[in-house]
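The following pair of complexes shares a single chain, chain A, combined with chain B in the former and chain C in the latter.
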Partner chain A sequence: MFGDYSIGDLGSIFVMQGFAGLILFSVYVLMALGLAIIFGQMGVINMAHGEFMILGAYVTWMTSNLFQTYLPSLFSGYFFLAMILAFVASGALGMLVEWVLIRHLYKRPLDTLLATWGLSLILQQAFRSVFGAREVGVDLPQWMLGSLHVTESIEVPINGVFVMCLTVLITVGVAYVMYKSRWGRQVRAVVQNRIMAGAVGINTEKVDRYTYGLGCGIAGVAGSAFTMIGSTGPTSGQLYIVDTFLVVVFGGAASLLGTIASAFSISQTQSTLEFFMSGSMAKVLTLLAVVGILMLRPQGLFALKVRK
Partner chain B sequence: MTDNRFFNRSEFIGILLLAVFLVVVLPLTLDVFRLNLVAKYLTYAFVALGLVVCWGYGGILSLGQGVFFGLGGYCMAMFLKLEASSVENTKIQSTPGIPDFMDWNQITSLPLFWKPFSSLTFTIAAIILVPGIFAWIIGTAMFKRRVGGTYFAIITQAVAAILTILIVGQQGYTGGINGMTDLRTLKGWDIRPDHAKVVLYFFEVGCLFVCIMIAQFVRHSKLGRILVAMREKEDRVRFSGYSVANFKIFAFCIAAVFAAIGGAMFALNVGFMSPSFVGIVPSIEMVIYTAVGGRLSILGAVYGTLLVNFAKTSLSETFPELWLFGLGGLFIAVVLAFPNGLAGIWGDYVQPRIDRLIPSRKPKPEGWTDSSVADGAPAE
Partner chain C sequence: MSDEPNKGLLSPLRRKLLMGMAALPAITMLPKASFAQAPATSAVNTTGLAVTDTEVTVGILHSATGTMAISETGSIEAEKLAIEQINAMGGVLGRKIKFIQEDGASDWPTFAEKAKKLLVNDKVAAIMGCWTSASRKAVLPVMEQYNGMLYYPTFYEGLEQSKNVIYTGQEATQQILAGLNWIAKEKGAKSFFFVGSDYIWPRTSNKIARKHVENVLKGKVVGEEYYPLGNTQFNSVINKIKLTKPDVIFTDVVGGSNVAFYKQLKAAGIDLSKQALLTISVTEDEIDGIGGENIAGAYACMKYFQSLDNPNNKTFVPAFKKMWGEKTVIGDVTQAAYLGPWLWKLTVEKAGSFDVDKIAAASPGVEFKGAPEGYVRIHENHHLWSKTRVGRAKLDGQFELIFETADLVEPDPFPKGYQ
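Up next, the complex of A and B:
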């Protein structure tokens, strides 16, 4: 299968496919970060995660429309405001959902799966009723169009580079919040031993609500980034949800580093394979490999050693 | 006679009522089109029944039952398709004698794995064995390594995704996104006219009752008790010397085989099979049938399936937008308010009143409501 290409061509192919894989990697990481917090830390299976992401994408789309109509001079910077709005919208909805629904189900993780699946159906239909069934695309500001020519045969799109930088920033931010801040310590304490954490004066209910909100908010930001590279429809979120869960499980549920490593390996495998075979077969092979490895090593790549 | 290895008295009455409902009431009151619709719904009842054993008793939530439904359905559909694509039926193709979708995809000879499906005996064996062995492989790999709960659910979901992508992607071998359509005869007997639909309906109801009896037997045997014990306190069962993994594998395989029988019935009754019954969305919908009926209730699974599907058909005919809200709301309501579904409502509210009306019946023992909820309520 390599016979038709020269060494130089192959190098370029791998770099370009690798880059395409990096964009996929960014989407996976952004989605999986929120999920890793909700699933890994709280043990809640949030099947509506994709819909929280799509909510962020729709918020971004609305913001860009607003800027286009009322503030065309500031259009090049709308994205930064949109991201904050997406975070707030998804986060607020997440906290509401936690208060109404999730907090009753912490002792029944499998039931959270069914309930959030129901929630995702409702949200999908709500998106369809409000925004219409057609996919919407966001107009990119001028500076994000075009591509960078690295060498003669290699060029990378600027919006991809931007999304990647964003991913790195958000990842570092989340890692800081979870591992360095006082609040992150509280979250980890609640995860490790809820009763003891409550006994030393941590308001566990409040920590739960904010953790869930943070996870959903990050999904909103992911949706915001998602608009840079694809169009948004009511069911776009569902396409990614299983992949994202596999990323989180494959990485080892409670480990942020594992999530990033597994997102990287899955996205790179898939996009490299995609060049040599049809997209569907590439996906099948990637998923099969992941499921196969999970059967051999069910705790994931990076497992947190906790006595149960 | 009524207290034997299969059922106690109240269960016997429940099964009798269901039998009267399915065998006498429905065929007398519905026209053939509606009856065929019921037959389609009942194919999902097989899956729901399997989930009662696997999820309700064993505590293993599988979100990949569509995989087994699909495997069973595709095995049956391959047999029917081969019979429908005899040389004289397909003489306009460039290669006569192979299914039409292969011809459209430039495949000139029958692939090797299709060949055995020209025998009905092999097909029937395959409907049971292929999903059974597949479930055994997945179960062994997962449960022997003590993977369970949410992880198992996610991995079965991934398997459903893989199989769907594979079926859609390999158009030439599977018929792709359209699936296998235009199924005509079973051993020369036309399955499409009205009288055949009625015969198939009764055949399906017969199979359903066989499966119900198997599920009842599992429930009343020692095996069923161990499954329940395992769901509640897995470690204690393990320390008592039972191999927890083997029991889980068995429950999962039973569920898979039931689902596969349902899939085969689907191909026979509805006359086609497509990947839209294999993926994640249908698989999770099948779980909700069980949840609505009551995850612990064998007969509840049948009523739950019928009720949800009737609601789906009538709602999505008249208010297509409302249906998704309704389905979503149903998921949430069942989880939050009625964790034992219809059977729970029946056992909590209806049964006590009946007991009060008929004073001769003995009251049920206290504190044993969880696994002995009176099964079955004519849901309508």
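Up next, the complex of A and C:
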């Protein structure tokens, strides 16, 4: 298949394909981070993860409309405010959901699956009733469109670079919060031994609520960022949920590093395969590989060593 | 005795009346202009449909919830508008149309179940409904078993024909061939790159397109790629497009993937004013989600655009916006859905009956001069004769008409040499 092309052409395509893989990697990490926190730290299977993302996307859409109507001069910077608002909105809804629904189900982890699935249906219909069944188009400021010309034939999409930077920032932020801050220490203590953590004076209920809120908030930011590359509609969240679970489960549920490693291996495999065969076949082979590895190593790539 | 003269006076009248009633069944054979009053229910409804002296009930069966609600909402709106307009004009055979709306909920077995409910319990005279081929395939056996009449609005892959369905959208050859001919001639295009979602419609459409490109246009297909429904990452295929440098990118990506595809195409620096792209899956509805700036310059091959400049469309678009809001847009399928109730009304009036068998038999040749797309006529194969048009997407999300076929294109659901 390469016979007809010059070396220069092929070189630039491989560079761009490398970038495509990196962008896919950042997208995977960004959508899986929130779920990894909730699933990994709390053992709650959050089927409504995609809907929290789409809430963030709708917040972005509303912010962009507000700026266009009232503050057109500041439009080029609205996206940053939109991401913060998306974090706040999804996080707040997450905390509310935890308080109303999830905290009653901690002792029944499988029931959280059913409850959050129901929640995802409710949220979808709520989006449909509030924003309409049709997809909405989020307008982006001019500087976020188009691509960077690195050389004559190598072009890198700006929104891809933006997602990559955002992913690095959020990952570093989460790692810091989880492993360096006082609150992160409390979260890890609760994960390792809930009763003991309570006995030494940690308010475990509060820790749970904020953990869930943080996970949902990050989902909101991810949704906000994905308005650049995907669609915003009531059911768009469903497009992400399968890949998200795949990344988290493959990585080993309780490990942040595992999530990153798994996102990296899945995205690189997929984007390399996509180049040599059709998209559907690439997906099939990637899934087969994941299933195969999980059969040999059911706990995922990285697993916490806990005394059982 | 005093009553006798009265009786004598009345009896000739009564006799005439009785004679008149005996002649009623014969009325259906008279041309419809010969009577002003609505014909008797027993005459126009011999199969027990939900028809009264003042009302006739039809069903609307689309997804108002679930994934497909994005696409099907426009069809529901168009059908309700058509029904309202028909009622304002006096209805069908003197009867107002009442509709029962059921929700297919984007789930194919639900579609079949609701279709059965509409036919068996509600005894509707016709159903305006379905959108995806999968939902139509689920409903088809029900329509045939209980002898219902379905008006199906979406452009689709063809390879189907039923007595119980009128296809108001285009089948694949009607949509694709003229568009390919045009772009090959206009742009001197020789090499094509196909990108589609991975299910029956894009695969069948691309198969037809490939045969046409290779056998008729003597061109070359340099790539044919499919991605799963709902895929959101297209960077790899975009790199392949950059590598193969096709004259034309031919796409039938659907749903949320569509948005991702065009956003990423734009982000990758592919300028659609220089790189020709022909799509058969993007209407004004989809551009709402994609954003005009991401797709401006692309060509779409359809039979209707909201911007069409003809007298019918000039009354249709304001009426639609008045009913459903200034911001709503009207895509190809929405217009095709609007044709359903009208074609049914015209066919019922031609047949002089609501009976499904008579409607099925009377359908071929029914013409609708008030269609927003201009003029349509039902073919013997229950598809529509209609024109194929190419439009170029503009920044504001509307299409600018670039080309239309001179004549109506004959529907050919089982194209020879393309299978």
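One rule holds in what follows: the second predicted complex is superposed on the first by the 297 of 308 C-alpha atoms of A that agree within 3 Å, B and C clash if a C-alpha of one lies under 4 Å from a C-alpha of the other, contacts with A are read in each partner's own complex, and residues count from 1 in each chain.
We take it that a residue touches a chain if its C-beta (ideal position, glycine included) is under 8 Å from a C-beta of that chain, and two chains touch if they have at least 3 such contacts.
This one's a predicted model, so the numbers in the text were calculated from it and none came from an experiment.
In the superposed model, A:V187 lies in contact with neither chain B nor chain C. In the superposition on chain A, contact of A:L256 is made with neither chain B nor chain C.
Between chain B and chain C, C contacts the larger number of chain A residues.
In the superposition on chain A, A:M53 contacts neither chain B nor chain C. Contacts of A:L239 after superposition on the shared chain: chain C is touched, whereas chain B is not.
Of the two partner chains, chain B is the only one that A:G43 touches; chain C does not reach it.
Judged by the touch definition given at the top, the superposed model places A:L101 against chain B, while chain C stays out of reach.
By the touch criterion defined above, A:A115 reaches chain B but does not reach chain C.
In the superposition on chain A, contact of A:L287 is made with chain B only, not with chain C.
Shared contact residues on chain A (touching chain B in one structure, chain C in the other): 125, 128, 238, 278, 280, 283.
Residues 64-67, 69-70, 73-74, 198, 224-228, 230-233, 235-240, 242-243, 255-260, 263-264, 266-269, 285-294 of chain C touch chain A in their complex. Chain A meets chain C in the complex at residues 5, 9-10, 13, 16-17, 19-20, 23-24, 27, 125, 128, 132-140, 145-147, 149, 155, 157-160, 226, 228-236, 238-240, 271, 274-275, 278-280, 282-283.
Within the complex formed with chain A, the residues of chain B that make contact are 61, 63, 141-142, 145-147, 149-151, 153-155, 157-159, 161-162, 165-166, 168-169, 280-281, 284, 287-288, 291, 321, 324-325, 327-332, 334-336, 339.
Note for the complex: chain A touches chain B at residues 39, 43, 45, 101, 104-105, 108-111, 113-115, 117-122, 124-125, 128-129, 238, 242, 245-246, 249, 278, 280-281, 283-284, 287-288, 290-291, 294-295, 298.
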